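Structures for review follow.
Here chain A shows up in two complexes: once beside chain B, once beside chain C.
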Partner chain A sequence: MINLAGRDILHGWGKFAFTGLGLGLLVGVTLSMAGIYRGLVDDGRVLLQNGGADLWVVQRDTLGPYAEPSSVRDDAWRSLLAVRGVAAAGNVTYLTMQIPHERGDVRVMLVGFEPGQPGEPGFLVAGRPVTRSHYEAVADLRAGFRLGERIRIRRHEYTVVGLTRRMVSSGGDPMVFVPLRDAQEVQFTKDNDALVNERARTAANPAFNRPGVPGLLEAVQASQSASRSVNAVLLRLAPHADEAVVAREIRRWKHLEAYTRADMDEIVVAKLIATSSRQIFMFLVILAVVSAAIVAFIIYTMTLGKIREIAVLKLIGAKNRTIAAMILQQALGLGLIAFLVGKTAATLWAPIFPKYVLLLPGDAVLGAALVLAICALASLVAIRAALRVDPATAIGG
Partner chain B sequence: MNASLRRALPIAAAIAALILFGWLATSQGPLAPTRVTVAKVEKGPLVASTFGIGTVEARRSYSLGPTVASRVARVLVDQGDRVKAGQLLAELDPVDLEDRVASAKLAAERAASTARAAQAQLAEARSRAQLADASAQRSAELRAKGFLSQEAADAKTHEANAARAAAEAAAAQLAAARRDHERALSELAGTGKLRAQARLASPVDGVVSARLAEPGTTLVAGQAVLQVIDPESLWIRARIDQGQAGGLRVGQPAEVVLRSDPQRAYRAEVHRLDWVSDAVTEERIVNLGFAARPEGVSVGELVEVTIRIAELPDERWVPAAAVKRVGREDGVWQVANGRAAFRPVKAGLTTLDGRTQVLDGLKAGDEVVVHSEQALKADARLKVVPAIVAAP
Partner chain C sequence: MDTAIEIRGLAKRYGEGDAAVDALKGVDMSVAPGEVVGLIGPSGSGKTTLLKCLGAVIEPTAGRMALGGETIYDGGWKVADLRALRRDRIGFVFQAPYLIPFLDVTDNVALLPMLAGVPDGEARDRAREMLAALDVGHRSRALVSQLSGGEQQRVAIARALVNRPPVILADEPTAPLDSERALTVVRILNEMAQRFGTAIIVVTHDEKIIPTFRRIYHIRDGRTYEEAGEARAA
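Right, the complex of A and B next:
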């Protein structure tokens, strides 16, 4: 027995292929939207993963350092290191800022880290780690910096010595890693004019500038310009330690807030990016529904376009089953082409997106199943229409 | 177009599309192997250095001010002036100091007169005592011969004793008057020194670095009027992270880059290592002297310091990016049959250009993973490429 579906497709394969291509692009857009949603959530997650931390210690009663500002004294790590179960502690600062680069600005998250401690970039795609204690930087590829390039961050020039990948803030801004002391200076030291004004303001205050107490003014001014804060302390725990117990200990005795990875995941995914990810998710749902409707309409109209041929088939005595199989096979074929084209297109254009697009194999499998299911459903309607055709229309016209 | 071609074309297109799809699915996205670059363990000389930032400072800086509260009368030099040792730089208003000197002088003179009077009194008392002694002796002789009554002889002896006591008292008074004179003299000398303190002279050949008070200003004791530095003593106070300060020794050569002249490196040498390091910033304080003082350098200028700590002639090394910490161990990733395998190594020092010394765990010529597209896990599939990002 010959395959009617195959014969029919071969008869008008150009039209069939282009219909498949069109549907495929639509599926590709839907898959990309799913990828954008996954990428958004993943941006939040990599932020937590790439520090290599087990616990985040931040200012008390804050959701810092990503969701809320937090400030911790930079010697707090010493007492944290003394808590049982803590293996390593690293000070970090985070500051989202614009860096001038090639006649424009790049929005980056400036991370201050201590080499060898939690918070440093875990892997490089080019170059070397930071070896000097000042004025060297490791940047994410997305920032667009090249190895050896000198970038200006506020007061000083930094040399880009290494490049890394997928090190982004929860908002998808590329990270630039610099030594902690430099980052502290960037975050807390003001510009020159502000410093001079501040000095003049203090000098004008009679409480700090008393004639009989030489040296008081200088002492006050020195204490104003010093900055001894960081945004968080990242802790790595010993293998046996229970993170909940350590976190409780720190909350109780160190008067700081401690978050485990699960807490942090909750904060970042469920609080920080909740609205934007729900927004994208809603759009994804609507796009999926619209795509499904369009696929159904196209299969239906494609079948109706062949209504004369189906009438002829009926006239020459083809069984209903044969006709139904032909329509179903064509619909599934179309769905398959659409999925393959869509997946290919989504994979090819994903790297061009300015934000990260994460195409999961699970999503692709689900997408394929959905596309084929929608095609099968749509073909049922078309089959119903085809079976109700009166064979006489083949002659009557 | 014949029929067989018409039939073959769509099938060929379908096969091509499937191949493209298969290639994309396995080479892009999560199913693709992780791309890595590798490098061989090399052997060669390593120069270990450490890096810090510091400021230019004057090793010797002199703050000149009065020792008692006083008012500034004249300031003879301004900031930037070159001065010689001993040159008068400023004068403080002595107020009543002159009068006090005069008063002390008069008091000393008066004490001298008192001493002279005491001297004369002593001479008189001594002479009286001599006379009384002679008289007593004579009356004793007369008494022995019976010419004089016992009572009269006793009276003479008493007179002689009293006159001797009076002479002793006069001697003591003279000593007291002399002490008084000495005290008045030292008081005069002290007031005179105070007078000298009101004149501020430069202790060294140098440059005036700050003029802190103008004539008419009243200062408390110890407050500076002028600051003088010795420009020959300009050196660098650098702060080196404690983590990188191991191996620092006096005499090590260094390169210094001034913020005002970043293109040039000046030669310097470690002159002093502070015994006390900054406990708050966790930095060691190192002082370096310039081999030749740069022209136009200013005190307080920011400098970058690179100190050469050690030179190792022939060591195994890997790129610093290759050394990772997994758990509590340092090690490197290697490619074994296309999969990642972790190999613990003992890492030594890391040079500033990113080469890490291998103490143990690898042989020269072994291949290690340097860069990777993502963090590696054991048994991850790897694909070795020459470079992950195109070279600039």
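Right, the complex of A and C next:
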């Protein structure tokens, strides 16, 4: 039996291809939206993976360090290292900021870390690790910095000595790793004018400036200008250590909050990016509905253009299922073309997006199934119209 | 005489109550195998309704119809599968050829036997044979859009004949053609009727071809009146 749908498509391939192209761009947008959502989730997950930590110790009653501000004294790591099961502890600071660059300001997450401890960049794709105590940086490729380039962060210039990849914040901002002390200074140290003002205010306070207590004022002022806080302490556990038990110990005895990887995953994915992901999901749903409506309209219009042929087919004895199969196959053919165009388009334009777009093969398969299902459903309206065509209309009168 | 088409007291009413319209009011007609008869009448006389009833696409209200001696309607359809009846036992030729534009000439004709379950190869052989008989065999690979009006109408006739139906219903088949082509189509219909023993009813307004029919049925106000060729010649 002749494949009527295939012949019709071949006969009017130009019209069919253009329709498929238009629909494909819509499918491409839908796939990109799914990719943006996946990228958002993946950004959150790589943030957790890249630190190489098993536990995140943060200020009590906070969801820090990513979802809420957290401040922990920078000597807390010593006592944490003494907890049974803890193999390594590293102080970290996180600060999202703008860094001036020749191509304009670059928004980055500045990470302060201790070399060799949890929190340092997991791998480099170029250059070397930070080896000096100050003014060296490792940057994510997405920041656009070059090896050897000097970048200005607040008061000081840093040399980019290494480049890494896929080290981003949950918001997709590229990370720039600098030594902890530098990061603390950037985050917590006030500028000169503020320091002068603060010293004057302290000196004017009789509680701190007692004539009979030499050295008190200097000690207070020194403590005010020094930065002794970090945002979190990342812990790496010994093999076979139970992270839940260690976390419970820390909460019980150290008066700090400790989150396991599962807890952090919940915080980052379910809380931090929940609104964004819901927003994208809603947009995906609307796009799917719009796509379905457009497919239905296109298939319906294409079918109405063949009413006379359908009437003749019915008059000469074609079964309803032959006509329904023709329309369904055309709808599926259109869906297939649209998916291929959409997948190609989404793959081509994904790297242009400023944030990470993760196109998963599983999503592509699901997308193809959904597109075909939508096309099949959309064709029902056209099939219904075709089956209602009276064969008598072929005779006229 | 054997009859390919036998109609007695056929009636068709559209609508009900005060809005009812009697399109056919007791039509009688008989056509022998191999015979080509004309059916003429003014607009609104019931020609198309009669053709639709004969083509089993609308149901009459009363009367009896038989094809090849088998009653297909007698106060109700006597055939379970009207689609198969149309496909296997009735051929249709329309005012416009209404060929499927996305199929080539061979497949336009072969589609009918394929729909009847004939294997593709055999269906195409039959189609080519029929196209050759109608002198359009050389255009068998052409698309419909590449044919002239006369060629398209020949292909439409080939499609109507390919399943060798005992009956062909032709609705104004020469309307879009000039005199020469119109007479050619009628000649072909007569030849095919003779060759395959097919009874053909040609609905027409075309003054050019009316003299070619040996028998004509006039239809007026839903009733038919037969006029023999000899009577017309007189």
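Methods note: the second predicted complex is superposed on the first by the 374 of 397 C-alpha atoms of A that agree within 3 Å, B and C clash if a C-alpha of one lies under 4 Å from a C-alpha of the other, contacts with A are read in each partner's own complex, and residues count from 1 in each chain.
The definition used in the following text is that a residue touches a chain if its C-beta (ideal position, glycine included) is under 8 Å from a C-beta of that chain, and two chains touch if they have at least 3 such contacts.
Keep in mind it's a predicted model, so treat the numbers as computed, not measured.
**Student:** For A:Arg166, using the defined touch cut-off, is the partner it touches chain B, chain C, both, or neither? Pick first, second, both or neither.
**Tutor:** first
**Student:** Name the contact category of A:Leu195: first (chain B only), second (chain C only), both, or neither.
**Tutor:** Touch partners of A:Leu195: none, neither chain B nor chain C.
**Student:** Can A:Leu377 be said to touch chain B (first), chain C (second), both, or neither?
**Tutor:** In the superposition, A:Leu377 touches no partner, neither chain B nor chain C.
**Student:** Check the residue A:Asp8 against both partner chains and state whether it touches chain B (first), chain C (second), both, or neither.
**Tutor:** Second partner only, chain C.
**Student:** Under the stated touch criterion, name the partner, chain B or chain C, that contacts more residues in chain A.
**Tutor:** After superposing on chain A, more of chain A is contacted by B.
**Student:** For A:Thr322, is the partner it touches chain B (first), chain C (second), both, or none of the two (neither)?
**Tutor:** After superposing on A, A:Thr322 lies in contact with chain C but is clear of chain B.
**Student:** State whether A:Ala392 touches chain B only (first), chain C only (second), both chains, or neither.
**Tutor:** In the superposition, A:Ala392 touches chain C alone.
**Student:** So which bits of chain A does chain B touch that chain C touches too?
**Tutor:** On chain A, the overlap between the chain B and chain C contacts is residues 10.
**Student:** Considering only the defined contacts, which chain B positions touch chain A in the complex?
**Tutor:** Residue positions touching the partner: 6-7, 10, 13, 17-18, 20-21, 24-25, 28-31, 51-53, 220, 222-223, 240-241, 243-244, 280-281, 304, 319-321, 324-325, 327-328, 350-354, 370-376, 387-389, 391-392.
**Student:** Please name which positions on chain C make contact with chain A in the complex.
**Tutor:** That would be residues 47-49, 51-52, 55, 57-58, 83-84, 86-88, 92, 94-95, 98, 100-103, 107, 110-112, 114-116, 120, 143, 159, 171 of chain C.
**Student:** In the complex of these two chains, what residues of chain A are touching chain C?
**Tutor:** Interface residues on the chain A side: 1-2, 4, 7-8, 10-12, 308-309, 312-319, 322, 390-392, 394-397.
**Student:** Can you list the chain A residues touching chain B in their complex?
**Tutor:** Per the stated touch rule, the residues are 9-10, 13, 17, 49-50, 75, 87, 115-116, 122-129, 131-135, 141, 146-149, 161-163, 165-166, 181, 212, 214, 228, 239, 340-341, 343-344, 347-348, 350, 359-361.
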